[in-house]
Amino acid sequence: MIQTQQLCLKYGTIEVLKDINLTFKSAGITSIIGPNGAGKSSLLSLVCRLQQPTSGTVTLNGEQISRLKSPDLARQLAVLRQENHIVARLTVEDLVCFGRFPYHQGRPKTADMAKIDSVIDFLDLQPFRLRYINELSGGQRQRAFIAMVLAQDTQYLFLDEPLNNLDMKHSVNIMKRLQQAAQVMHKSIIMVMHDINFAACYSDEIIAMKQGRIIYQDCPQMIMQSQMLENIYDMPLKVIELEGRPLCLYYR
Amino acid sequence: MQVDNTANIELPEPINKRRLLPIIKLTANHRLCLAVLLALATCLLYMSWNVTASWEFTLEFRGKKLLTFLIVAIAISTATLLFQTLSNNRIITPAIIGFDSLYILIQTALVFFLGAMQYTQLNVYLKWGIEISLLVLGASFLFQCLFVKKRHSLYLLILIGVVFGVLFHSLSALLMRLINPSEFTVLQDSLFASFNAVDPHLLLISTLVIGCIGIFVSKVHHQYDVLALGEAMAINLGINHARLSRVTLIIVITLIGLSTSLVGPVTFFGLLVVNLAYIVSASHLHRHLIPMAICCAIIILVGSDVLLQHFLHYNSKLSIIIEFVGGIFFLLLILRNKIR
Amino acid sequence: MYKFNLWALTLVIVLCVTSLLIGSSSLNFDVASLDLLLISRIPRTAALILAGTSLAVAGVIMQQLARNKFVEPTTTGTVEWATLGMLLMLMFFPQASVFYKLLVACLMSVIGTAIFLLILRKISLRSDFLVPLIGIMYAGVIGAIITFIAYRAELLQSIWVWVQGDFSMILRGRYELLWLAGGLSILAYFTADKLTLAGLGKQVSINLGINYNRVFIWGLILVALITGVSVVNSGVIPFLGLVVPNIVSLLVGDNLRRSLPLVALVGAALVLFCDILARVINYPYEVPIATVMGVVGSCIFLYLLLGNKRYAS
């Protein structure tokens, strides 16, 4: 269980996050939604120790993450940021192998190689295995990065807009794979999501943010109501029911 | 980073308040007038301070030197400003694209092949002709790279220029190895910008060239304001970007070549004055920026010469000091994040 | 990839033998020849290999730290800072032993490189080509400071000539510090994985449990020490640290554990080749290797910039 207590983040006088008190369960898919500039990515960075909060704490199973050792933490939680600009020429296999770094510290054993193999299979990356990532298309590269954090094999997986650059087919594919990981392997996957319908379709829980605060935290059925969504996004929209699932229409 | 940016857009006030002269809200025109007056005053001071010889001699001697100062100030500040507008970047100076290295190479080669004696006796026009034509030759090669292979970015072009600079530098380093120390002294003296030993005929040519460029720039200055928004936006707003940038690059190279052949390479002086102009002029229009940069250049150049000559009694070369100060100023600007 | 390593190793051996055989006096099977070999030829060849290897490795590390393909100690001001250290020592403590000169030069290059990387963090970068440009500007600033001080101290020619890479004065007893640079390169190999990860960025490194700052500082120290040693000992060889890693990257990619041996071998081969060229081009006189490398290196660099589709945008 990951918890935050009174988490605040300020840049000068601008408050990006205000008093965030949250609990992330140890299994299931959680989506974080909200308008641009709500502080979603900042929250993710703070929880994953990529950035230090101005005040407040984050705890993993009751222990403060700032007190835990970084290499140990890397076996407990993995994070993938939105922009992954890489100059180095690495193959997909190299990249995924680095996902196992917290376990092998540069000397991969057979178990690590097996895990790398299975992750590459899991995300259909076998044909690109020996290709250089800077020569892949945006979608293939995104899948390679997801493969890297999946290879890290952590209880918690934080993804910042994982469907960036992916077409419909691969988006659905990735979401299904992530759902599978959450249900079969009991992992906890926390994602910042842009597409509200994707979030509703695959999440067990949705966290809605606005202006640096959490305004709702509930199951998708409760969030997916036009009144709630209008409060979050400050725009008129419509929620309809299609095949027993809520669907949000906001295109016009 | 993202948050910082949005903050800047939403809250422009605190940034405005940090500008120079916070108390009096001077318009850009007022500031420009002040700068022009200050520049004139500096020139006047330069001409009249502490005259010991006859007025006639002083006027001729100092007038020639002042004219050199003015030409160099105009050439360097305009070239740097236009180059920065073109490259959309405030840290870059045209001086890094290898022209000074080419210049050093030419001079070294002349000393090497002719020997120090002949070199000092060489016809000024001939020397100037060789230098300028080689510089222009180098420039046209650079254009070849830019406009034949259009897909390349401007930064790449600049980088290519820099690499050529290293090539020239390596070659001149080789020649310097083979020159004996006494000849090296001759070379060293001609390599470092010298404001004393300028031929009057060169001044005439330079003035004419600068006049022509001035007329052109004054006609298209508003196009430069658009050019500063970046290539895509400039094209979108109907500027013939390819043509304008080609012409601008030619202007920049001519100006740099001019100033280099007059007083040798000066790298950071242009950066110093142009960045000062950005800060002081409170305007993004080239109508204000160009004259302001020129005024800054004149004030600094002429002012520091007065200072050196009459108060510190000349014990180092002006150009080396200006480079030194300019370099440090520039470093501080970057470190204090004043440059975008 | 082992295929490439094998080829490079063969090349290095061939060049080594050539380098040993070239010289103004020919080798015979007698005592004088043996002395010549031991005192001059072998130290020179060893110095070349050590300098080439370590400068190429320094370049590749610098590229990981700056996350840019076009930086190396000569395009980041590192060399200039080391030179500044040298200059100050020449001015104030001309009697000081080489060790102290080295110490000061290294210290200055640590400071200088750190400032460069600080500058990189402060400005938002829109182009990969901009990073080396800023580095070169920065180097120019330090160069202006050096010129100012050296001109006043009348050390201009000696400092210019000193910094220029030259192996003609290498004799036994006058190059051994370069073994330090060689040792540092081997140390770099043992931390290759962490350096590669640092090249993937701070966030990726932290996510994988790497102490990013520590790796960063470690890389910084490696680069600065290698640069300092070569500035004090043999001068600087421009672009070596830039072109070698780029060539190797095209061949085997950037996973340092895999590519570092090849970087070292190619670095040694290139330096040996340029040195041989420098010795025969104007026989029996020698041309400084920095000059030859400046020409060869700029040509390769220009090819990388213009001839390669990958960098065209």
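Quick notes on this structure:
Just so it is clear, A, B and C label the chains in written order, and each chain counts residues from 1 on its own.
Keep in mind that, in the parts below, contacts are C-beta pairs under 8 Å (C-beta built on N, C-alpha and C of every residue); 3 or more make two chains touch, one makes a residue touch a chain.
Since we're looking at a predicted model, the values are computed, not measured.
The interface holding more C-beta pairs in contact, when A-C is weighed against B-C, is B-C. In terms of the distance between Cα centroids, subunit A is separated most widely from B. Think of the whole protein's Cα atoms as having one middle point; the chain whose own Cα middle lies nearest to it is C.
Averaging Cα coordinates per chain places subunit A and subunit B 51 Å apart. The geometric centre of subunit A is 42 Å away from that of subunit C, both derived from CA atoms. Rounded to a whole number, the gap between the C-alpha centres of subunit B and subunit C is 32 angstrom. Multi-chain contact residues of subunit A (touching two or more other chains) are absent. Taken in their complex, subunit C has these residues touching subunit A: 63-64, 67-69, 128, 192-194, 196-197, 199-204, 206-211, 249-250, 253-255, 257, 310.
For subunit B in complex with subunit C, the touching residues are 1, 89, 91-93, 96, 145, 149, 151-153, 155-156, 158-160, 162-164, 166-167, 169-171, 173-174, 176-177, 181, 184, 188, 192, 267-268, 316-317, 320-321, 323-324, 326-328, 330-331, 334-335, 337, 339-340. Residues of subunit A that touch subunit C in their complex: 45, 48-50, 69-75, 78-81, 84-91, 94, 98-99, 101-102, 105-106, 132, 134, 149, 152.
Here subunit C touches subunit B in the complex through residues 70, 115, 118-119, 122-124, 127, 129-130, 132-134, 136-138, 140-142, 144-145, 147-148, 151-152, 156-157, 160-161, 164, 238-239, 287-288, 290-295, 297-299, 301-302, 305-306, 311-313, going by the rule given at the top.
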